[in-house]
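One chain, chain A, appears in both complexes that follow, with chain B as partner in the first and chain C in the second.
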Partner chain A sequence: MSDLWNLLSAPEFYAMVLQLATPLVFAALAAVVSNKAGVLNIGIEGTMVLAALAAALFSTWSGSAFVGVVCGVGAGLLMGGFFALCAVRFRTNHILVGIAINLLSAGLAVFIVYAITGNKSDYPGIAMTPWDVPLFKEIPFVGDVLFRQVNPLVFVAVLCVFMIRFLFRRTVLGVRILAVGKNPVAAASVGIHTRRIKTVALLIAGGLAGLGGAYLSLGYMSNFNTGMVAGRGFIGIAAEAIGGGHPVATALFALVFGAVNAFSLAAQTFTSITVPYELLNTLPYLTTAAGLVVYSLIRYRQSTHHSSKRRISHEKSVGD
Partner chain B sequence: MTVPILRMQGICKSFGPGIIAADDVTFSVNRGEIHALAGENGAGKTTLMKILYGLEKAQRGEIFLHDRRITINSPKDAMSHGIGMVHQHFMLVDELTVAENVVLGIEPRRAGLFDRKAAEHLVRSLSERYDMPVEPTARAADLNVATKQKVEILKVLARNAELIILDEPTAVLTPQETKRFFEQLKTLRDLGKTIVIITHKLPEIKAICDRITILRKGRTIGTYFVSDISESEISRKMIGTEPPPERFPQADSAGLPRLSVRHIWCFGPHGKAALKDMSFDLRGGEMLGVIGVEGNGQRELVGVLTGKIVPDHGNVILNEGILPSSLSSIRKEGVSFIPEDRMNDGVDLDASIEENVTALLRQNRDHLVGPFFKSRKLSVSGRRLTEGFDVRMGSLRDSIRHLSGGNMQKVVCAREIDACGTVLIADQPTRGVDVGSLRTIHDQMEALRAAGKGILLISSDLQEIRALCRRAIILHQGTIAAEIDDLSACSEEELGLYMLGIKRQEPVSPEVAHE
Partner chain C sequence: MNNPSAWKKFFAHLRTWLIGPRWQTALIETVRTLGAIVIAYLIAFVIIALVSDDPQNAIRWFVLGPLSSSAERGEVLKNATPLLFAGIGACLIIRGGHFNMFTEGAFYAGGLIAALAAIYFDLPPALAITVPLLCGMAGSMIVGFLPAKLKTAYGVNEFVSSIMFNFIVLWVGVWLISNVVIDVSSGDNATRPIPDPSRLPILVRDTNVTVGILIAVAVALLAHLYLNRTKWGFAVRMSGDNPHFARHIGIPVAKAGTHSQVIGIGIAGLGGGVEILSNYRRFNWKTLPGYGFDGFMVAIMAKNKPLMVPYAALFIGYLRSGADLMAFNSDVAQEVVQIIQGLILILVASEAFFSSSWLRNRIGALKFRKKPDESGSEVADHV
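Moving on to the complex of A and B:
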């Protein structure tokens, strides 16, 4: 128990939660934007792999972490564009495109790394310099977690959550993405170019996944390795589903998954009890599965509740 | 009044060889009138309007607006010329609010952002001006059908449409809602809008339209002042033959109860009762109508009778036994079922006409040799059934997908009526079906009844039930609001009161009550 208490009372643990949640937040936001446009984008995972690689490559070549991040986003946009080309322009099944992107990315990453370095898994990158926020960092505990030695992309992730929320609440593009995603025929009937809107949404999603990938190779670590995304794209999709597509709720669930991930790493150092680390490593994925089951149970109840509610309101208004 | 606002001339459109939707059609509408575009299903009226609205492209022909020739390639073009269309199936995004739906595609902006306030204001001012009350902040999913229709019209008005096309607008409305809707249309006309209604309901044409253009098989039969032409003349011009004499339901040769529903209760997932203590009998040789606004338990009742829903209390007795629990075993008892949704439940869109019409015969011994089908025999049966129901088609082997709605429904009815042993459950058997097909289906159902089978007819079309049934039950909120023994002695207004739950018949039929 004392292990657990020590862990939960240390600011380092919460800082680690933030670090581990950040790529999940980006992935989850990418899933939010794709899903609102009516696309189940399972290619987020592969997009993150290539973006992480691109970020590492170009940061080393240019000597600048910033250039690396920009190129990571660029790679994300490219993959988003590729997804749109296949799924929107040529009307390929979304899931198949996603699978293709994931397989392609995994293979391509190994190939590129091998072609350049001769080893098959790693490529160094230039890490971003963490920020200290003056004054705020002096706040006890909270300052250590949120404002000391924090990667700039963590702040970008928080900013993105609210930007995506703003997108769907306040912009014309957001409303149109919603319309296209929920009822494309209706959207087309009022002259909205549904393909164009979907493509834009997929590009935004690609860019967000790109940020997530770049964070992994330049923030969380300072090198690229081929297994580093490790299902985070899929966990992001799960967080989106549990968050019901609301950006803030989705980000909070990404944070929960980040916490579980941090816990599974930290628990390996526990001395009082020894759990095989292989088992601990499965914890984030088990939580994801459990979360999805709980979510779908809740959702099922709500939907049946909603339909009966709708029937009542229908009867009422007819009775008036 | 006599200035044509729109003229379509020499419009030709064919969908592949042999399927001609418009053959040199001419159509002209005057400013400020309500103009009916009438014809059977497949006569080309919807296609003509889709051409006007830019959803289909004509192969030949010209469109003149205010005597100027225009080209329309997309709904956007049509809207920019002041032409708007309300589709038969509503085009609303359920997740968005009324205001968002109305301005979708023409969103007001302020500082580059979506100006929700302005959108809501626009909806309020439009609904005030045109007398169509609707709450701009309500979510579209929560609206009833009549309100959704108002939102659709507001959508068109928000785009400054001068000419509004309505595709079968009353198909989903109750008589009361229809009446109110017509008043709103008259308001629109009096405020200078021009309205085209696509319809095949003759009483409505008489009630509200100024002029009528009749199409038949892709050709213009003519344009007339509604005041100068009688309903039977309209009908004759639409079908091309003499209309049937008005049908009076025969006195039922009521036999033994075939299907007895006893104190059925069905609860929704949240404890709300969808069916409350419902009891009735269906006898052999009678056609029992089920009347009611949609969503008052019809779906659940049909679900129970077809094995889709297990009732929470009560039971159903079929041919003196308990109703089996699956549709296939219910069918083995001689029950046939015409489902409401022909596209999804009635036919297999990927299969041929023959496969669809003979689907039930395929389990039949005399169409099988061991595990194999007797294909020649199936073809013969397929031809017999489709000819008996006058299905208009190319070949039996064609995909059923290309049949018009009416012909597709005739395939479903042919299959089910042919297989019917004791009871037919007909759920909206003629929805969206043209007059000719409707007559065929009604004739066949009537013949089936006369042969001593029991038919349960669920229909949202009061006229249909009045034409076919002598006895009917009226559903309201999952209960039987009234059981009418002789429909001809009951006025439509009274039926409407029962449907809306304003009036209830207190003593239920004594026989059932004593059960």
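Moving on to the complex of A and C:
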């Protein structure tokens, strides 16, 4: 028990939660934007892999972490564009495009790393320098968590949450994305270019996933590893589903999953009880699955209370 | 017959006969799939040429290597076997209208449970193979029932939940083989050796082809019969094609969805057992084998027809062996296979690539089945 108390009272733990939640927030926001446009974007996972690789590659080549992040975002945009090309122009089933992109990027990442270095797992990157926010870092507990040695991309993630909220609340583009996602035929009938809007939404999602990937290889670690994304894209999609597509709620759920992830890592150092790390590793996935189930149960019960068309509404499947 | 209009008439008849409605679809689908394969290969060649110092050698091994000797041809069959199981499982799941990725975890669970059953149950030789395989199948079906039932009963997104289940199964399995059933003398996190009576017998001498491939083909036949000749198969197909209509005519859509997913997962679990009992001395998987996603790719290539799955699996098996040989004999990594697979998947699944309406608009003989043209309308793009 003292282990748990020590852990929960240490600011380092909360800083770690933020670190681990950041890629999930980016992935979840990418899922929000593409889901609002009516596309279930499974390719986020693969996009993150390639973006992480691009970030590591170009940061080493240029010697600057910033260039690496920009290239990571560029890779994300490229994959978003590829997704849009397949899903919107070639009219391929979204889930299949996602599966294909995941297959392709997993293969491509290993292939590129092998072609350059001759090994199949790691590529070094240049880590971003963490920021100290002057003045704020002096705040007793909060300062240690939020403003001391924090990766700039953590702030970018917070900013992105509110920017996405702003996008859907206050901008024409956001409303058009919503319209296209809700009912493409109606949207087209009032003159909205549905394909173009979908493409833009997928590009935004790709860029966000790219930020998440770049954070993984340049912020959370300082190298690219082929297994480093480890289902984070999918956890992001789950956070989006549980958050009901609201950017802030989604980000909060991503934070919860980040906390579970941080806990599962920190609990390996507990001395009073030893739980094997393999079982602790299941925790993030277990919570995600449980959260998804609870959310679906609540929504199911609501739909059975309020509507007589319950079978149809709950049958509404992923990605159509 | 010198009259040009008579010739024209004759050819029109010939074409109608050759390219009748039934053959037309088959022909177009074949051309589409072949076209996708050719394009993916060309892109792969370009990539290989970019990274390799000796692209000619690499491509020769990649394309001709798998056919060069009987041992290599056996390797193709060996690689195709797990893909065949995964592909059939994915077929059943997709036909029911679901994207349940637990075939991946089922491969792991099926393999682990089959290995444990073979090691720890003291089985008589007659049952030494069947009981572990059935245990693996049943075990993965029990785990796989959860995401399937959650989807059909409460609408839980089966794609995401099944992927979470994959990771959970993986880590529980890794925990088991590194703590509970670990054999320290192996020098690795692995189980005890699988006893010889439980290992699948070799089918072709001097190769690694086991009777697993026969089981796989039998399963493909059974899956075909199940989908196309039984009441439940009909329910599965109907609820996959149009759930609203299926419900309207009284088909229990939720039930059909659950059991198509569970059966598909069971087939993948059986595949995991077959894979472990034919090719491994001990169970030592520390990552997911990846056959779940490959299975979906194979199923899409086979147009979700169980009888076509063996051909698709054989092709991917050939691709794999070629890539392995290329990686062994040149400086190109075998992951180029995943790139090719992804490209083929996108091209085969895309409705606009080489679509029938696209072809019909270009080939006069096919015009007799022309539908109203939808390509120009803006609203037709939501899938």
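FYI, the second predicted complex is superposed on the first by the 305 of 320 C-alpha atoms of A that agree within 3 Å, B and C clash if a C-alpha of one lies under 4 Å from a C-alpha of the other, contacts with A are read in each partner's own complex, and residues count from 1 in each chain.
Throughout what follows, contacts are C-beta pairs under 8 Å (C-beta built on N, C-alpha and C of every residue); 3 or more make two chains touch, one makes a residue touch a chain.
Note that the structure is predicted; figures quoted are calculated from it, not measured.
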First (chain B), second (chain C), both or neither touched by A:243: neither
Which of chain B and chain C A:207 touches, first, second, both or neither: neither
Partner chain in contact with A:179 - chain B first, chain C second, else both or neither: first
Touching partner for A:80 - first (chain B), second (chain C), both, neither: neither
Chain A: partner with more touched residues, chain B or chain C: C
First, second, both or neither for A:23, with chain B first and chain C second: neither
Partner chain(s) touched by A:170 [first = chain B, second = chain C, both, neither]: first
Which of chain B and chain C A:190 touches, first, second, both or neither: first
Which of chain B and chain C A:281 touches, first, second, both or neither: second
On chain A, positions contacted by chain B and by chain C: 185, 188-189, 311-312, 314-315, 317-319
Complex contacts: residues of chain A adjacent to chain B: 170-172, 174-176, 178-179, 182-183, 185-192, 301, 304-305, 307-308, 310-315, 317-319
Contact footprint of chain A on chain B as seen in their complex: 74-76, 79, 87, 90-96, 100-101, 104-107, 109, 112-114, 141-144, 147, 155, 174, 268-270, 272, 274, 293, 295-296, 477, 500-502
Touching residues on chain C, where the partner in the complex is chain A: 47, 51, 97-99, 150-151, 154-161, 163-165, 167-168, 171-172, 174-175, 178-179, 243-244, 247, 253, 287, 293-294, 296-297, 300, 332-333, 335-339, 341-343, 345-346, 349-353, 378-379, 381-383
Touching residues on chain A, where the partner in the complex is chain C: 38, 40, 42, 86-97, 99-104, 106-108, 110-111, 114-115, 120, 184-185, 188-189, 193-195, 198, 227, 230-231, 234-235, 237-238, 241, 276, 278-279, 281-282, 285-286, 288-289, 292-293, 296-297, 299-300, 311-312, 314-320
